[in-house]
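First the structure, then my questions, so here it is.
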Amino acid sequence: MAIVLGPHQYGKAETRLVRVVRTGERHELVDLNVSTALRGHFDAAHLEGDQHNVLPTDTQKNTAYVWAKRFVPDPIESWALSLARHFVDDVEPVTGARVEVERLGWTRADVGGAPHRHTFLRTGPEVRTAAVTVAADGVHVVQGFKDLVILKSTGSAFRDFLVDDLTTLQPTDDRIMATSLTVRWRLSDPAADTDWNALHASVQAVLVERFANLESLALQQTLWHMGKAALEAHPEIAEIRLAAPNKHHFVVDLAPFGEANPNEVFHADDRPYGLIHASAIRDDAPPAGDAWLPFTGLA
Amino acid sequence: MAIVLGPHQYGKAETRLVRVVRTGERHELVDLNVSTALRGHFDAAHLEGDQHNVLPTDTQKNTAYVWAKRFVPDPIESWALSLARHFVDDVEPVTGARVEVERLGWTRADVGGAPHRHTFLRTGPEVRTAAVTVAADGVHVVQGFKDLVILKSTGSAFRDFLVDDLTTLQPTDDRIMATSLTVRWRLSDPAADTDWNALHASVQAVLVERFANLESLALQQTLWHMGKAALEAHPEIAEIRLAAPNKHHFVVDLAPFGEANPNEVFHADDRPYGLIHASAIRDDAPPAGDAWLPFTGLA
Amino acid sequence: MAIVLGPHQYGKAETRLVRVVRTGERHELVDLNVSTALRGHFDAAHLEGDQHNVLPTDTQKNTAYVWAKRFVPDPIESWALSLARHFVDDVEPVTGARVEVERLGWTRADVGGAPHRHTFLRTGPEVRTAAVTVAADGVHVVQGFKDLVILKSTGSAFRDFLVDDLTTLQPTDDRIMATSLTVRWRLSDPAADTDWNALHASVQAVLVERFANLESLALQQTLWHMGKAALEAHPEIAEIRLAAPNKHHFVVDLAPFGEANPNEVFHADDRPYGLIHASAIRDDAPPAGDAWLPFTGLA
Amino acid sequence: MAIVLGPHQYGKAETRLVRVVRTGERHELVDLNVSTALRGHFDAAHLEGDQHNVLPTDTQKNTAYVWAKRFVPDPIESWALSLARHFVDDVEPVTGARVEVERLGWTRADVGGAPHRHTFLRTGPEVRTAAVTVAADGVHVVQGFKDLVILKSTGSAFRDFLVDDLTTLQPTDDRIMATSLTVRWRLSDPAADTDWNALHASVQAVLVERFANLESLALQQTLWHMGKAALEAHPEIAEIRLAAPNKHHFVVDLAPFGEANPNEVFHADDRPYGLIHASAIRDDAPPAGDAWLPFTGLA
């Protein structure tokens, strides 16, 4: 009945790294938020305060910068894989590494009708994400994005739901459906020579298309069909997971003021919000290991 | 030596209002954050708690919704003017009204190569702003935007500055210049029949062009030339004010690792940041009154 | 090689619920942020859009309010258990429920030297948390807190760490150690008649004492000894997990200005930060199931 | 009809500075967020990009650190005055300086029933603020705080208000009144030998007392009486300004579920919120100059 050390990892979070690629006068911009986490033979660091096996998080930061110099971090997935493998291969006590990268969006400024060669504007709010894990059970690459805010002003219903004695919601045949999507998908064989940028663009386009064109009976249904469409389009994807807040837009009752309101004026509410998690997976998908989240289970 | 009531105003802040315009199957989306504030004969409300003159902030919220039904809030400036005038003209104790509107950006989702008729994606981070004041001293309309994040990866220097005995900064001939712009401009005669959307788009384009093309010797110089260019392009603008954090991007020293770093790898720092305020004004501009901020001087 | 529905759940997140208990003229305040999530027979809702089994998230919100009326939500753990059991027991398609509660801190205002009977001041930044899961594999209760910001201005070293060729950090015998703690602990037998408030207060006190009094050789060591001390003090706890950003405070180099700086003036940096996860567990702890996080693995 | 340079200033914002005072084994902690802004002969910097008069914002950051070494920044008002005077007196082109300081709250950790000598816990959410301006028109010191969240669960009514044809609000004799206070006050003669810490504590206590004990007929009335009480208690204060969001707590309608709700269960709403600005001033107060906000009018 002893007390023992449980799951643990450590690293440097949110290194804000900007890489400029100067090809003549035309520059490229790669703007990243990089987090690295290491696992391995670190019991003594906890139990006795012995740091001999501990590569400082400051060094992990240095390493991210050096890696960005040596390898342009585009696509982010390949770069994260290279960085994670370095930690596992070259740092003796390290047995597993997780590298998470957010790529912030930028577009060239339009100046005089043409894209400028070294001036950029931030785009958003969505952020492209990658989470790469290199560990004893293999290599996981999870591609994704977060904070993609999407809304359809019609083509969504919610009716025929379960009613208990605390239910007051009225069914509707036409409502605004709005959400801020977080989506992640993992590949069956991430060692494959994948065109990560093309894959990411294609999956995002498929997801947006399904959201737009499916006549929705519930956000659950929409998410499932989005995920399914992504897997149908890309056999290399083993599994996709979607988290979607239902950002409620309530029709304002204008009747007291003598006005009809046929879905024209809405109150966009902050909290509470519905929160739906759905996923689609191939029935022969390899195990997920700890692809989805760090194994400590604390966000 | 009495204690007397000083400046005061009250209103409803951040009413999140979405207006859908349904023209057949093609919808338009107007997504607003509306704040209204009233001034007038409200001394008794403070001194004695007598609310007979006080139109509830809840009513101000209702009014924003009703106004959005009756008048599509596009452009936001005309709509805000109409709403402010209503409060001053129709509510007896009100002598002044300020209406601030943020319009959140949305673009049509691209589905199968075509813009979708009722599905939209949030764009940002920049937000278009308007602040309209109707008061005894006249009418002020201030157009603008906030949080437009812009970066140039070259074409910016900072040298030959004042050096005192606490100065350690080294001059540079080439650096990243990045900022998150807040810009507001007021019109000499806002009663004119202005094409607000066209004006806003034009001013923003002029500002971006100057930021991109001016070989910058300092952010101060860049801001001045941006403001000056906007006034040169639009005689109807009396004054423009710009606030710009200098979002520092530091060149990472890679020498300890045997790597040169000719402005390729940067650390994007959070705090502290430079903060520059600049403005350009016509020498015959009409008085600003309280165009820029609520007269209470508390943000 | 079919595509099938994977893990899924749905619920209402962040219902902001304030419960006032009026005992004569002395009021009590319970300020909560409640999130509920349901699992069960919801396949048809995804696959076919059939909502007959789906209790609306709006109903889950109603239920939280009704439950707060019927049962004062103090302690939050018992209340969350009751609410979760209601969903599993009373709503036929539901096989599992997770209820997460944040309790925001308030203290009575001191007025004229005495605590006021109905006026309160927010305290923070720390927030007490509970996550209760009622599912097929049993009942999990996870107590905890987040955002407890703690700093010691001495009594912390970091030296004798692993040095590779990208390491530039210098060892130190005396530094500021500062963090914002997220800690969660689960009970072996949550059905027991636990005094949740007393347990929470005791664990927090033990954790703070260890942070303060341990001469630290690394944040890893500090976290382990904090967790171990909590388990030693409370046999009913099966496992404790801690996540701690290392909020770096850098000694400012004042030598260029002719000033020594013996750990007196620091720059508190925002990003990047170290991020340490550690945990302590009894070797006979029951399985964690999905106690730590929703089983979908997306935060 | 020329275009000319308007109001401008520049500085370093949000330098996060922690000062530890080591008096034997008992440490004191001063945790600050410092922003400095300079005005003066900077026209050439804007118009021609000539930086010869421009002290870098990096130097302003250095100066804040050096000043924190030389003078313990407690009270923050005296320290900010000293720093502002340095810029005006010692840097030739500078004619005006504004120093804004936020002091973050910390309390000693209670360990074993006693306050620990070098371990501290963050308190909040309220933050103490100071804004000092040294300029041609004299010296202004504005003391204050922000984000003090206070709630009374009874003792507040709102009735007998103005009703127009868009009013639907019902009067109430008993409601929750909650707000997040931002309050600032300026002194008639800040050169006086003021005990800044004692004054700040006293004003805050007076404000809380009035909020708690006044039977409120409206937030406007409460704010006025709070401000008036502060001026009555402290003749050295010339003027006080208060900004208070009315953080609405709506009584949840539980009637559909067969439950009465006599002000027991509330929904704490996020947006919109009422926003009230009020102020109290002596009729012989000296001019405010630009005490309240930077003169550029952009926050």
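Order of writing sets the labels: A, B, C and D. Residues in every chain begin at 1.
Keep this in mind: a contact is a pair of C-beta atoms (placed from the backbone, for glycine too) under 8 Å apart; a residue touches a chain by one contact, two chains touch by 3 or more.
If you're wondering where the values come from, they're calculated on a predicted model, not measured in any experiment.
For the interfaces B-C and A-B, the C-beta contact count is higher for A-B.
Rounded to whole angstrom, the centroid-to-centroid distance between chain A and chain C, based on C-alpha atoms, equals 23 Å. Distance between chain centres (mean CA atoms), chain B to chain C: 38 Å. Between the CA-based centres of chain A and chain B the separation comes to 31 Å, rounded to the whole angstrom.
Among all residues of chain C, those that touch two or more other chains are 15-16, 62, 66, 166, 168, 257, 270-271.
Chain contacts in this assembly form a complete graph, since each chain touches every other chain. Listed in rising order, the residues of chain D touching chain C in the complex are 15-22, 27, 29, 31, 62, 65-66, 68-70, 106, 109-112, 116, 118-125, 148-155, 176, 205, 208-209, 211-213, 249, 252, 254, 257, 259, 261-270. Every residue of chain A that touches chain D in the complex is listed here, in rising order: 165-166, 168, 256-257, 270-271.
Chain C makes touch with chain A in their complex at residues 1-16, 35, 37, 42, 45-59, 61-63, 66, 90-91, 93, 158-162, 164, 166-169, 182, 184, 216-221, 223-224, 228, 231-232, 239, 241-243, 245-246, 271-284, 288, 292-294, 296-299.
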